[in-house]
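Just so it is clear, A, B, C and D label the chains in written order, and each chain counts residues from 1 on its own.
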Amino acid sequence: MARPVRGLGAPEGDLGPIGPRRGHSLLSSRLNSARMAKRDLLRRKVEDIDISPSSEVARLVEAMGRGGGFTAKKIAVGVEILRTMFRRPACTTFLSFPAALMATGVRGVLRALVEERLVDVVVTTCGTADHDLARVWQPYYHGDFELDDVALHRLGVNRLGNVLIPNASYGIVLEKKIQPMLRNLWDSGVRAPSTSELLWELGRRTGSRQSLLWWAWKNRIPVIVPAMFDGAVGYQLWSFWQGHKEFAIDQFRDEADLAELVFKAKETGALMIGGGVSKHHTIWWNQFRGGLDHAVYITTAPEWDGSLSGARVREGISWGKVKETAKQVTIEGDASAILPMMVAAALGRPHR
Amino acid sequence: MARPVRGLGAPEGDLGPIGPRRGHSLLSSRLNSARMAKRDLLRRKVEDIDISPSSEVARLVEAMGRGGGFTAKKIAVGVEILRTMFRRPACTTFLSFPAALMATGVRGVLRALVEERLVDVVVTTCGTADHDLARVWQPYYHGDFELDDVALHRLGVNRLGNVLIPNASYGIVLEKKIQPMLRNLWDSGVRAPSTSELLWELGRRTGSRQSLLWWAWKNRIPVIVPAMFDGAVGYQLWSFWQGHKEFAIDQFRDEADLAELVFKAKETGALMIGGGVSKHHTIWWNQFRGGLDHAVYITTAPEWDGSLSGARVREGISWGKVKETAKQVTIEGDASAILPMMVAAALGRPHR
Amino acid sequence: MARPVRGLGAPEGDLGPIGPRRGHSLLSSRLNSARMAKRDLLRRKVEDIDISPSSEVARLVEAMGRGGGFTAKKIAVGVEILRTMFRRPACTTFLSFPAALMATGVRGVLRALVEERLVDVVVTTCGTADHDLARVWQPYYHGDFELDDVALHRLGVNRLGNVLIPNASYGIVLEKKIQPMLRNLWDSGVRAPSTSELLWELGRRTGSRQSLLWWAWKNRIPVIVPAMFDGAVGYQLWSFWQGHKEFAIDQFRDEADLAELVFKAKETGALMIGGGVSKHHTIWWNQFRGGLDHAVYITTAPEWDGSLSGARVREGISWGKVKETAKQVTIEGDASAILPMMVAAALGRPHR
Amino acid sequence: MARPVRGLGAPEGDLGPIGPRRGHSLLSSRLNSARMAKRDLLRRKVEDIDISPSSEVARLVEAMGRGGGFTAKKIAVGVEILRTMFRRPACTTFLSFPAALMATGVRGVLRALVEERLVDVVVTTCGTADHDLARVWQPYYHGDFELDDVALHRLGVNRLGNVLIPNASYGIVLEKKIQPMLRNLWDSGVRAPSTSELLWELGRRTGSRQSLLWWAWKNRIPVIVPAMFDGAVGYQLWSFWQGHKEFAIDQFRDEADLAELVFKAKETGALMIGGGVSKHHTIWWNQFRGGLDHAVYITTAPEWDGSLSGARVREGISWGKVKETAKQVTIEGDASAILPMMVAAALGRPHR
């Protein structure tokens, strides 16, 4: 009988359900062995974090702020800025993030921001749609950064950091589900949707409260994807276009929506998680109204390589993308570690 | 009389033309002072690196490889893979990079790869077009990561890491030059170019051998930009569209070009510099032919945040984006520091 | 009248006590201006974090663990390992950390581990003694990473990241307080203490429950400093030696203590925060008993430079410094952001 | 018959002697398999880099400096500062580095700095002595960061990043060679050497021009190790002390040597590679003379965690460890990748 693969979060003795890795390197040999089976690998499903306001977390974050030192202080500053953005009706709030977090429990935190209308517009990458939709229909699994990628490939399991995505939970299910949705859209007369129109329609059709895109549709929060073709949903669009050459994605209208949003806003704020196109497009449009008033940036990218991802928020001041007087902070670290704490604290009331 | 601003690379005593920073913090007060003038700040122009094969650099890199340790070894491995990709006629070679490097001397190295036909297709971001074109007409300048962004903003100077870009060298000149080009394209009947068609046309119209896009046009090397609207050239397109609503960018044809490229290729390789959409789109399309055969990835992103940018090349094996048997390496570091050495070495012959 | 310096955490409008930075770059000019005064800069004291068990934090961490992704999962794994180490009487637990955290509120978290006897031995650097003792007598202050170091130097204020340490709170007070303590030790016949004997004696003489060293003395937990001369307390020792050439520090006895500790232990565990000598000395001695049984390592150092600080815990397995079967995890991030949450969760009981 | 292990730098087809990894993940299974033998793993020896002045490398670095961007510019600035330090007879130059580089080919570069008397004093960690001495007698080998640490442990091979050190090349040979040296020292009447005296004596007794310590002895360049007991040579000292309780290491005299050095110096400079105790002790002592006049710091550590290792050189200005007017630069990156280029360039004359 196949024994459970160790190191993948399966319960282990007194360590409880989270199960740290044990003898990680034995794993490889198991995976390569004849006894290896996919069912041993895919044992523990990724579960979305159900975020709720916490006064204890708020209190901890305040103590970290009073502590003054290093990133702890910045987290506390960030929480204050989030509170301000979330509470001010006049503030049009952007949320930007790259796709990888949507493959993890942090999807629950991001979805809550959309569900609770704490943000007004989302800018992200194609992968966000991929993972959000795929996970409505199929599970993702706990894995490990050090699994053997050749062995995984042979099993048809894709690795995304320490998350495992079997082909059946990704390309296969997306192909099966999205083509009918696109045909349905086409049949209803849609010819050239903007990315936010398209994503609302896809989200709506999932009928699932698990889905960030469903909530975006429900709450009329635009989700804009400047690089719409760079991922599995984009590939489905391209695939559909092969048989429907009049079909198009009208990104000029996304841009027009962003223009209208920033020109009408009295105040703008942004919670930006990670860099790349999502961050850049957020600050790019804000420059046309004189810059963001509030900004929280969470990043793992270093400043010294000159990249946009590594640029601290203050660099945006020189470009007019962030106001000279903005309340802003750059918080260095992995959002999976920091964001749940920040949102729980921002929504909570500290005991005093 | 205004004295020269120190710390910006102006000649200083016996330190020669490169002039390290001296009393950096005095700079802020100068910049804020009444005597501060833009001409004191913008004294030293960014010059493209003129890369040439070097046997001494090749020899140094080989010694670093024999040394066995840490990144030095990886650089030597990377140079060997580059040599293989560059020399094999059967290998269709992708070059991907984000825009920031185009604002520096490394533009010269990237342009050389296109000029010498060492690569067959480029995947990049909108900013690559912005900087490549802007620099044909106006200079960029040496700066410092720690300049005062509020002071810079008041002077109309944008900071990109330690590079300074006055408004006159960016938005203003791009507006002035690109609108007539777009009108000219429109008048010639162009209605819905793909991004690579558009960028060839813009490059061609510069008439400048300084321009990477000019060489791309000249050598018929497609430059594909999946997030075409995320930057200054994209904004010019949007601006043009306001008055020409039939104008469109047909990204489906870019995708079709990429599809044809990978399906026809006997072998593929990629030099990927930095992450984000450029890297992802490169490996994304290669999965449809069973993965890259050769891959060199230069990155500053950490693996532990689960991001695509931080993912090592080997993660791509699980997805089929890189072959199980690919010759591949991930080299950690800033490409501005590493790439010139790698290209000089790859083109050079070591003395033995 | 001098107006308050903005950007240093002073209360600002509706942002509450944590006060994010606002127009940071104006700060430099203020600091350089004639109106600048030290009292404007040193307004907000660093306060130690008072850590307490939290079931809400524990619940959040468990949800992060179930989320499966990236660092969030590792934090949950780390908390499980900490619980195991803290609860098992048979486990001899090492705590290693570098000094910088002792200059911040995290000193409160580290002190709690010693006060509550959750660890059995501490390995650290000289700066830990410097900051722990100095802060008994004088405050440290909130600052900012981007303050003007030349201006600070002229004001006699040292910068440690975003913490400010006036000379009066460091070298001056340490000189004044430690020389009499050393004379007192000498007069009581002490000639060649080990570092742990010395630090107990210094801690005891503070008579302060604020002090980690006081609690170490009180609870008989050795604090070992392999590079005892590398800091302000070390300099005081050297200074004292000038007039007492028979005085010595007997590090061989520290080593003997460590030897006895590891040879007697049934099981060992380590919470290692940051790298350098503190981490290395911890795993170094554990190799002589066949390696650590439990290990949690929190680090910001990258693996690819080959440094000991960047080495993941698993590298220690090859050396026999960590057991093949150890429960271990490497968590990437700043301990100031992560450790308070981990300790609050490890001590808390999740509601279920 | 055992087939060669792939991925370890063994020659592979047309890729030449540097041999990038191929199917890395197959490696683990091989290593675990019954056929695995140590001789398959330990095939390629680490060779020291033989550094020589290079005008082509100097020219490349100057072009990188003119390019203005990101780390490339800083490398060029660093080379200028090195040239100044190396050429000025009045400048007392410190070299600090951690041990890991001594396990790689970079040992050749560091040794050259001592051999050519380009530096006046070295501050480092115990591991520098460990690796420098061990490699006189036994080889180290090429490895890979992703080898299976459990399998390595069972083979008695230690992993240091991507370098492999069999037990026979480390603890075993050091025990065998160093104990007789210590007995010899004892017999010649040595009772309480400073660390620099001890290391000169050990270096001298190797009689090997391969050894950095031999050149340090030969050229009378002190090598100071503030944490002398934290490594294999330190363990040998402790071991020897068990039978010779009058034996001691007198670190007060190292401190006195450093004091004399800084107080006599007209000017000081430092090439600091990596952080930790080595860097701190270098800048620590320089504060007593008003700070370094020249400083080049190469680091991979981030600034945001507040650590000394991550602190940029400019932070030292606030402490008086670096002069307000110092010529200084912090270069982010792995020294194994950057240092060989910098030294080859600093010693070379560019063609003009």
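Criterion: contacts are C-beta pairs under 8 Å (C-beta built on N, C-alpha and C of every residue); 3 or more make two chains touch, one makes a residue touch a chain.
This one's a predicted model, so the numbers in the text were calculated from it and none came from an experiment.
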- For B-C, which listed pair, A-D, A-C or A-B, repeats its interface with over half of the contact pairs the same? A-D
- Note on the structure: Comparing B-D with C-D, the busier interface by C-beta pairs is B-D
- Item | Chain centre separation in whole Å, for chain D relative to chain B (CA means) | 34
- Query: What whole-number Å value describes the gap between the mean CA coordinates of chain A and chain D?
  - Reply: 42
- Query: With chain centres defined as C-alpha means, what is the inter-centre distance between chain C and chain D in Å?
  - Reply: 26
- Query: Which residues of chain C are in contact with two or more other chains?
  - Reply: 23, 25, 69-71, 100-101, 103-104, 146, 149-150, 161-163, 302, 304-306, 314, 317, 324, 332, 334, 336
- Note: in the complex, chain C contacts chain D through residues 98-101, 103-104, 125, 127, 145, 147, 149-150, 152-153, 157-163, 226-231, 234-235, 238, 241, 248-252, 254-256, 274-277, 280-281, 284, 300-311, 314-320, 324, 334-336
- Contacts from chain B onto chain C in the complex sit at residues 23-26, 28-29, 32, 69-71, 74, 146, 148-151, 302, 304-306, 332
- Within their complex, state which residues of chain B touch chain D. 9, 14-25, 44-51, 54-57, 60, 62-73, 75-81, 84, 100-101, 103-106, 108, 140-143, 146, 161-163, 314, 317, 324-329, 332-334, 336-338, 340-341, 344
